[in-house]
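Note that chain A is present in both complexes that follow, paired respectively with chain B and with chain C.
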Partner chain A sequence: MNARAEVSKVIFPFHGGVHPPEHKDESSQTPIAAMPVPRQLVVPLHQSIGNIAKALVAVGDTVLKGQMIAEADGTVSAAVHAPTSGRVVAVGPTLVPHPSGLPEHCVTIESDGEDRWIERNRFDWRNAEGRIIRDYLRDMGVVGLGGAVFPSHLKIGGARDGLDTLVINAAECEPYITCDDLLMRERAAQVVEGIKIVQHLLQARQVLVGIEDNKPQAAQAMREALKNAAINFPADVVVVPTLYPSGGAKQLIKLLTNIEVPSGVRSTDLGVQCFNVATIYTIYRALEHAEPVISRVVTITGNVQRPGNVDALIGTPIADLLAFAGDKPGSQAYIYGGPMMGFELPGTSLGLSKAGNCIIAKNGALFPEKPVEMPCIRCGKCADACPAELQPMDLYWFGKSKNFGKAQERNLFDCIECGACAYVCPSNIQLVDYFRFSKSEIWAAEKAKKAADQARERHEFRQFREEREKREKAERAAAKAAARTEASGGNVAEAADAERAAKIKAAMERAAAKKVEAAAAQTASDSVTPIDPDAVSVPMGQAAIAPTSNEAPQAVESAAPALDPEKAERIRAAMEKRAAEKAAAEAMSPEEKAAKEAEKKAKIAAAMERAAAKKAGQAAQQQPGE
Partner chain B sequence: MLKVAAALIPGIATYTYFFGVGVLVQIGLATVAALATEAFCLRLRNYPIKPFVTDGSAIVTAWLMALSFPPLAPWWMITLAAIMSIALAKHMYGGLGQNTFNPAMVGFAIMIVSFPAQMSHWAAPLGLAPQSLDAAAQLQWIFTGHLPAGLNFDAVASATPLDTVKTQLMQHTNMLTILHEKLFGGIGGIGTEWITAAYLLGGLYLLQQKLIPWIVPVTFLAVLGGMAGIFWLVDPQHYTSPLFHWFSGAAMLGAFFIVTDPVTSPTTPLGRMIFAGLIGLLTYLIRVFGGYPDGVAFAVLILNLAAPFIDQYTQPSVFGHKNRKKAGAKA
Partner chain C sequence: MLLAFVLALGIMAALALLLGAVLGWAAIRYKVDEDPLVDKIDAILPQTQCGQCGFPGCKPYATAIAGDEADINRCPPGGEDGIRKLADLLGKEFKPLNAENGEEKPKSLAVVDEAVCIGCTLCVQACPVDAIVGAAKHVHTVVSSECTGCELCVAPCPVDCIDIVPVGETVTSWKWRYPVIPLTPVKVAA
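For the complex of A and B:
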């Protein structure tokens, strides 16, 4: 019973950790039992971190076992499937096993008792591209079964040039839970097949399976399975001491590889990727047997007659699971997950989710009432136990005094909420609750700040737009007025035009004459230094092009929001203005031209400065929000 | 907390053996006064009385203070000190876990500053003085201030070893001559050396139970001993040995029971080391160069003030934040 596997020689302990009573023997003595198909299944659609899957079925639809009933919504999401064949009787918010206790979207299926599979075709993953495999896993609803339910397809294919170490998390460090232990004992060969697949997909150079020393049988089974499987990569079972929370991904990576994954960095970037052993098993079932994730092994223990592990369909009502294990009177509540990180279920009608590794019927004998919370005396026991090497007593003070900024400064967000601090606290302070409170307050504040920033930006843009429209209106009015005066004083304009036209003609003639002269000079004598014709046309070209490029943005900007007739009019006005300017430029003396050029340049510079100032202002607004 | 009280029992027993029943009277008075004050304050503050009165913290405070008092001090002094320490140093700061200063040391310090004469009236260890007081006479003295006819307090009184060394040195007596007085035993004073050894025993029990961090007593004693050692090696005529300093006065009591108070000391490992080391340094300086024979109480109070500051600057690095710069450079 209490036999221990020999701890591997090369491990790299993490700081802290606790060793609560294991309570694993109660549920690890019997083989995994197959749970009969329940009459009704309540399948939650929020089965992974990220977006809730989008329902594909409606009330009254008949579904087959393995049929997709909800598809992944976006990248961070995974599909959900019908665990058995039957009829959809409800789609909508129902209570789900989630700490919030809030109802979420579920699909309720009434089983037809036939358990008929949908037609399945084996996926030829060996000849498929990485992207296709990832999509396939997403559509098979493969998520991390260790509890975090992170969509697995996101963890495959990140490494460009192969991975150093693939870590298989089989530590199962929480007390009471034995589902991974039993899975490895009974299905080690299939787990190893899964390891082979993931190793291949990630091109991992070595595989390390981390198992706590309180599971000698599982360690033995895995060792034998690895030996029997034809593997062409180094793989080893590493037995680690039983010390909660060695099953935390970062803690296990440290234990096995001595790599301390820095805060905010993904382990993949350091050449390590960690998968829960049950997830590996489902990847194998999905890729080799075209089986979506519709069932899982769950430990039912505590105050029940037959504690043990059950292979249950996702969506099986908790009440059915408890009845299967023989619910005993006197249970005060049911814990979903382990005693350290789990939470009390809001009821027993809700359906099992993919995250559900354990259900503990809680009674007074197993979980004595916690004594009253006493003041913190700063004894520092929590800091000794903290695997993240935080100073929980300080974070507690900061949280209690709502000094959240300070808590954040002291790395509150590196807390993994393992509960080791609360476990050792001699004053019975529920430290993790305070940390969750602080975190949620910070998140709420950030959200509120973002909303306020957005509102302010919108308001400022509105002000800007109103001002611009006002200005444009004024400009239009001025243009109209100008047009009117032009029409009334037609003679004056005509005279001016004639004069201008004459000037243009004269200028053009001069240019043509020059050109002819140049050509004549060139043909007349080869010894004469040739005159580059471009040199002549450049000033003209500049004069012609520059105003256009200067006016264009203004014209476009003012034209965009205007109505059609006005727009046309304004465009005409702009064109006229440009033509006039062009003519004037051509008629100008070089000095005048230079002056005009300088003025233009100054205008451009001013506009650029304005734009830069605006940009800087925007950046300044955005920064604090980030 | 009750384990801490239990760890004090060998010290109390030895103390009583050498100095008589007066020790127990002081402890009893302190305990009653402390608990009564605690209950009263909790009531005033609308706190549940039972969980706090039974947590043992007031008892430990009372005992530590009583053990630093002269065994024959008048009853009202220890009572007043206990009330002060609980009401003033503890509850006025917000109660358990909130106090800045070590309550026991506050009570002691107030008394030694206010009543220096009474606080230095020590009786000689049993059998050393020309006359000694029996239990009845001790009780009579503590509660009434009178002695049975024919007895004079001066006849039973004696300075403490630390005090003796200090005053005699001021009269330019040679250290060897001083230490040859019959007040002194092999290491410290007769009796005192055994009492401090008993505290050490209790302290080792606390260490074994992992109730106190080992770094605190070790650093404190190392710095105290180190300072004493340097001066002693340079001039043994005028300075006493590290052993004398360890086994005199409140060194052992302080090392294991007072400096280790978690509420008033830093929480980071490095911070605790700095805290304990500075207390050791200050204790030595006050003992040798200061105006009081012993320096533990004042050294502790001064460093209590600095504890939050020390914490601020000794924050250990968090998992995943080590080599931050290196990781940043790589990325």
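For the complex of A and C:
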């Protein structure tokens, strides 16, 4: 089809770009075919940028179409749903569409053929808060279907005072791919409903739909749909010239609005937000029909009998899709995505993911073998072609020599890996391969650096903690020792001395009283003079040991003298014993201490031995069982 | 003549005193406590704190390298890449890893076999980055995000329940390879 839509008058070309053979007509001639439900679906759980979704189902569970089988893990993540009803037969690492060819978590569902929907309730998004809508979109698994699979809920809300321009990316600039073209031709009205929703959510002041001029029917359909829909905001279809990569977000924004998004700045900060047209369609299906993203339109083209577009369930094995389109012999490999940015699939048993917009069966006629890479001749053609206005030859040079710091300085991370540079290179250098290599090396180095910093921090903290524990232990020991020395030679001793002195004094007084008494008794018996009770009782009263004797001196008179010497004797003996003990303790103190410590050590050693024996016993018990 | 001589001598002496005072003041005022080179070397070392270099941790090894007391090729976890970086930093000649210190291994993690663990806490005490959690007589486990794979916990374990498992490559950790041009074999007539 050579018909071209007329390019809009007001467009602002971006730098560079290339125009490879379009190869779109092969697949754009037939309407979207509905793919029958396959027998088995392999649904990858990592279907968005960010964290892999957490599986909610186990092997043996029955699931219904549209049932959430994995929930979003964190903010940058999106849910995954069962594409049809059936039984979960496997949950675990399975081959996924990824250039690494490594397995990742997937849920394999055996369909029961009934394709029974889970109960759905229409979501009243018009009366919902922005936060609720974002969560809803996340739980509906809405991600950018242009290829980057960025979770859409992160792009909605954020602009508080509204957006200047909402750009709908329908450029579909990569050769071979026609899924957005067909989607707009056949479902333009629904896409426009989606545009209305997103315009409302973002409070966009105008909407521009960017379509390349090689899709005149799509442009026409969108224009009509916009006209027919009762819209209360300015919206226009802008036809841009076919020039790869006009579908890059920054490139399309430049084309439509003349706003250049600088390095490290988000377009939202400049009042522009870009959504892929297929994403807009799924937002409409999610919000108006409570339909999660469980299917997408995918182009199957290249070396197949019936190239065209298929509405396929997510998780449909690539082999089934190829069989549906009539796989022809002679295919060397299958490209996932377009010929410029796609990669060769590691197999055909793996399931279609949300990112899968195109599958190209590659053969020698369509993709002649690339000539051998020759040295760079510094012609600068790659710099002319680069839509990000980088110097690809420098980046190539730094990548090749693994001088990643220099590559980063020259804005390697602004490279969108479009492949325009490699396309124009007269030396057939696969420049993008070097850029991807450099990027992943830089990411890995950053990750390693972060891990090392964390380890260093933890190690330093451990050392600090050990030091602190040691210090605290020493302080505790010192405090204990201080307490001990105080107890043996400090205030307590003085108190004891005072007590002793008091006791000695009392005893001496008692002894004096006894003598007086004895003398009195002697004189009484000798001269038989009557006893003066007061004379006896006063010294007795002074002796604090028998205060009761004061009250009835006469009554105890005879008992007191008998009791008192006995008591004094006992006290004296006790005091002597005590003094001896103390003297011994003072004299023996270091030896005693050592003995005490040895005893303690022996006790600890014994406890340790006991513990070791126990452990050995446990180990012996456990090892035979292993 | 004599006056000029004395004057010149006086000026030089005054200058010398002044400059000496300035230098002396600067030496006290701008004293650098720690050798900044140590930090630079420490930043290159992988911080596994494994002690394979013969020093009790990365920082002591960095200090030894800075003091020219240790060679730069004693860090197996840092590998050839690390040695190259150290050689660049210090202006030294690259030399292959000293085999006595061990060999470069892929990134690994310690994994406690929880069925065998007796809860002795010996590995908890051995871990240089506090990546093992557990209390006495309770099963221990390794916090995999913090584990550096240093293997220091393996030896103290009385029941050998700790395995060092290579991490392997996942979709998220996968790296694009260095582009190589495949060579096509050419048949040569015998």
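Some points to look at:
Assume the second predicted complex is superposed on the first by the 488 of 626 C-alpha atoms of A that agree within 3 Å, B and C clash if a C-alpha of one lies under 4 Å from a C-alpha of the other, contacts with A are read in each partner's own complex, and residues count from 1 in each chain.
We take it that a contact is a pair of C-beta atoms (placed from the backbone, for glycine too) under 8 Å apart; a residue touches a chain by one contact, two chains touch by 3 or more.
What you are looking at is a predicted structure, and each value in this text was computed from that prediction instead of being measured.
In the superposition on chain A, A:Leu390 makes contact with chain B only, not with chain C. When the two complexes are overlaid on their common chain A, residue A:Ser263 makes contact with chain B while staying clear of chain C. After overlaying the two complexes on the shared chain, residue contacts for A:Val372 are found with chain B and with chain C alike.
Once the two complexes are laid over each other on the shared chain, residue contacts for A:Tyr423 go to neither chain B nor chain C.
Within the superposed three-chain model, A:Ala455 lies in touch with chain C and out of touch with chain B [touch as defined at top]. In the overlay built on the shared chain, the residue A:Phe123 is in contact with neither chain B nor chain C.
Which of chain B and chain C touches more residues of chain A: that partner is C. 372 are the residues of chain A that lie in the contact sets of both chain B and chain C, per the superposition on chain A. Interface residues of chain B facing chain A in the complex, by the touch rule stated above, are 48, 51-52, 55, 57, 95-98, 213, 262-263, 265, 267-268, 311, 315-324, 327, 331. Contact residues of chain A toward chain B in the complex are 14-15, 250, 254, 260-265, 371-372, 374-380, 383, 387-391, 393-394, 410-411, 414, 427. Against chain A, the residues of chain C that register as touching in their complex are 42, 45-49, 57-58, 115-116, 118, 120, 128-131, 146, 148, 158-159, 169-179, 181. Interface residues of chain A, counted against chain C in their complex, comprise 46, 52, 96, 98-100, 102, 104, 372-373, 430, 433-434, 436-437, 439-441, 443-444, 447-448, 451-456, 458-459, 461-462, 615-616, 618-619, 622-623, 626.
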